[in-house]
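Okay, got some structures for you below.
Two complexes, one shared chain (chain A), two partners (chain B, chain C).
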Partner chain A sequence: QRHSQQDSHVQYERVGADVTMKCGSMDWDAAVTWTANGTDIDESHLNGSYLILKNVGLSQSGQYFCYEGSSWHLKYQTNLRVGTPPKEPVLMCRSNNYPKGFYCSWHLPTPTYIPNFFNISVIHGTKDMVCEKDSPPKNRCHIKYLQLFSTVKYKVTLTVTNALGKNFTTLTFDEFAIVKPDPPESVVAKPVPNNPRRLEVSWQNPSSWPDPESFPLKFFLRYRPLILDQWQHVELSDGTSHTITDAYAGKEYIIQVAAKDSDIGTWSDWSVAVHATPWTEEPKHLTTEAQITETTSVSTSSFMAPPTTKICDKGAMVGS
Partner chain B sequence: LGAGQSIQQTYDLTRYLEHQLRTLAGTYLNYLGPPFNEPDFNPPRMARAERVPSATVDLDLWRGLTDNARLAANYRAYSRLLCYLRVLDGQVGTAELRHRLSHFCASLQGLVLSIGGVMSSLGYPLPAGPVGPPGPPGASAAPNDFLKKMDDFWLLKELQTWLWRSAKDFNRLKKKVPPAVVTLRLEARGF
Partner chain C sequence: MAAADSPSAALRRRDLCSRGIRLAGKMRADVVDLLDAYVEQQGLDASASVAAVEGVPLAAVERWDEQTGTQRLLENLAAYRAFRALLAQMLEEQREQLGEADAGLGRALAAVLLQVSAFAYHLEELLRLESRGIPGEEEDGPPPPPRLSRFEQKLRGLGVLRELAHWAVRSERQLAKPSPASGAAPGLAESP
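Showing the complex of A and B:
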């Protein structure tokens, strides 16, 4: 019957390292038994009472116990965590709620398999700024602008530390360079009754943009029929709606919108795509006799282009 | 020209100048050469460069500015920036760059006049007192060429930032001063 008694702790080792574990205070030549995650370890891994693990891999992480041979007293226990030191973290800062402030988010290019601790410092000129961290596991924090229209750059340094090493990265940027709104929201596209070539598109400012009155956004609309790859674009300096007037009749369209502060920064990502098809005339409901004549005439003309489209309009023919 | 149109015109001129300055500053910084034309160049700001009016402002304070104070701040800033820019213009070695700088100075002069026009149309007095730099720009000239270039670097950066700020200033004013209201007020004063 195995008795737990000895101190246990976490032991971090690098992938590929050679690891030697002593069985607590037991002599080298004492008879012992080692287990890993409850499984006895083969004698070939022992050198006397020492456990030797060569070129450890991630799969060798786990709970290691050493028991005294005869009394089965637990003499040593450790939680072996095999991992890697952190690589240079990837840091990104962005102001999607200008002029309130900006946020920085980060991640490691490759996992380390052991716990990492991040420390971020934000310096503006000579001033240290507070970065309010989101609750884990979100690697993100938020900085409030105290001043606007500054020519002094912001310097953000992110340091990552784990038991096997440390790394850092630094970003230096101007206030205006990181302004990038979120995409417009609630994008809606609707046909316009009795207008086979129009689509009405409307959207809203991103809810994260705090003061569109003082910091108006301009928009970029792109649209294309599903059957074509080429987008059409239109830039709109104000307002949150637009009527497309050159849609191909009867063709389903895909539409997206992007936003940008009217003076500074960069364009948002594209909004969620919406689909719409321009209005088309309802087929008329006729009496039986009229239907027969209608059907004979329809079958001979069903390949004619829609009335509103010019027969020689090459573009339309591509779509029909 | 009503105040509303005058503000819109001033806003448009600000946007035009901001666009012009972007390319002009790039050309000028290339003329200054490394490290001034490197994107990450982040020099300390020497005392002389502190004389250039700074666009930096506390956010709440900026929001709370009265229209008069907002316009006056712009008027003073560009009047002083123009003086510094003219000194720059006089020292440039290449004719093409000098020409572009002169053209920009003329446009900036237009902006100062335009801001003055808005202030007058709203019934505000132009800022009193010396609007130019404290002493003749050369009074405490930079002791060496590198520091002179640093001053130029900060002048252009501050000017760019002012133009961004002004775009927001005039955009705010545009929203607060619709043309119709102003005409009524003028009539009430027997104009």
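Showing the complex of A and C:
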């Protein structure tokens, strides 16, 4: 029967390290038994009462126990955590709700397999700014702008520490440079009755953009028939709708929209794609004989190749 | 407080506001282009941090949208008058050193100076509409910039153009943003 009276703790070791564990206060030549996660460890790993683990790997993480030979008293216990020191973290800062503030998010390029602790500092000129952290596990925090339109750069430093090491990264940026709205929302595309070459597209400002009146967004619309790879683009400096007037009749289209502050920052990601097919005339109800001849001629024409003009031909009108 | 608004005054203000917003937007784009050309031609580092240069109005503002309409106009006007003097100084220095070699930069500087002057006049018009007295030039005109070394002139120029680029965005937004209703002079873009 195994009795516990020992010192126990967590022991962190680097992948590839050689690890020696003593059995608490037991002498080198004392008779002992070592277990790992409940399994007895082979004598070949012992040097006297010391446990020797060479070139440890991740799989050797676990609970290690050492018992005194005859009385089975537990003399030593440790939780071995094998891992790596942190690499330079990847940090990104962005304002998708300008002019309210911006957020920074980060991640480690490779896992460390042991707990990591992040500390972020945001300095604007000489002023330290508070970065409100999201609850774990989200590696993100939010900063409110105290001043607007400032030419003084922001400096964000992220330090990551774990039991095996420490690393950091720094970002310096201008207030305007990190402005990037979220994609437009509620994108809808509809055929226009009696107009075989038109599609009506509408969308909304991203709900995260707090003041579109004072900080108007401009938009970029891209569309193409599914049968082609080449996108057509049109930039719209205001308004949240557009009518495509040069669609191929009867062809299904894929449409996306992006947004940008009218002056500063960068374009959002593309919105969710929507599909639509321009209006087509209902086939007429004919007598049987006429129908047969009609259908044969219609079926051959509907698979005609699209017109040969290049989409981006200088002469072709993009939108109207 | 401003005289009660006649419909024509309100329409005139809205017209001036929307034209002002467009002018600020155009100025912003031209200043950004000029800034790129200036950095390249002067051999400067685009990411260099430039300490606040004396006499250059800072665009940074706290609670930017809580100022009354008149406060905004007065602050904007003081800034663009200062930029007018600073750009004129830059243009003069430019011509002294480079002669025709950098005529392009000189022309771009002159074009921006023109826009800044036009925008300052625009702000004065808006203030008149608010029945506000226009502050005299000597009241808040900047002191003549001190004589600087060539490199200091370049850095000051960089600081001037950067602040002006940010001011243009600020002006656009402040002309577009209705000011708080309580006790404020009629907002810039409020409906009558």
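The rule we apply is simple: the second predicted complex is superposed on the first by the 285 of 320 C-alpha atoms of A that agree within 3 Å, B and C clash if a C-alpha of one lies under 4 Å from a C-alpha of the other, contacts with A are read in each partner's own complex, and residues count from 1 in each chain.
In this text, a residue touches a chain if its C-beta (ideal position, glycine included) is under 8 Å from a C-beta of that chain, and two chains touch if they have at least 3 such contacts.
Since we're looking at a predicted model, the values are computed, not measured.
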{"item": "Chain A as common anchor, with chain B and chain C clashing or fitting", "value": "clash"}
{"item": "Partner chain(s) touched by A:52 [first = chain B, second = chain C, both, neither]", "value": "neither"}
{"item": "Touching partner for A:10 - first (chain B), second (chain C), both, neither", "value": "neither"}
{"item": "First, second, both or neither for A:151, with chain B first and chain C second", "value": "both"}
{"item": "First, second, both or neither for A:92, with chain B first and chain C second", "value": "neither"}
{"item": "Partner chain in contact with A:31 - chain B first, chain C second, else both or neither", "value": "neither"}
{"item": "On chain A, the residue positions that both chain B and chain C contact, one per complex", "value": "99, 146-153, 172, 176, 213-216, 262-264"}
{"item": "Chain A residues within the chain C interface of the complex", "value": "99, 146-153, 172, 176, 211, 213-216, 262-264"}
{"item": "Interface residues, chain C side, partner chain A - complex", "value": "25, 28-29, 47, 49-50, 58-62, 64-65, 159, 162-163, 166-170, 172-173, 176-177"}
{"item": "Residue ranges of chain B touching chain A (in the complex, touch as defined)", "value": "15, 18, 40, 42, 45, 54-59, 62-63, 154, 157-158, 161-162, 164-165, 167-168, 171-172, 175"}
{"item": "Complex contact set, residues of chain A against chain B", "value": "99, 145-153, 155, 172, 176, 213-216, 262-264"}
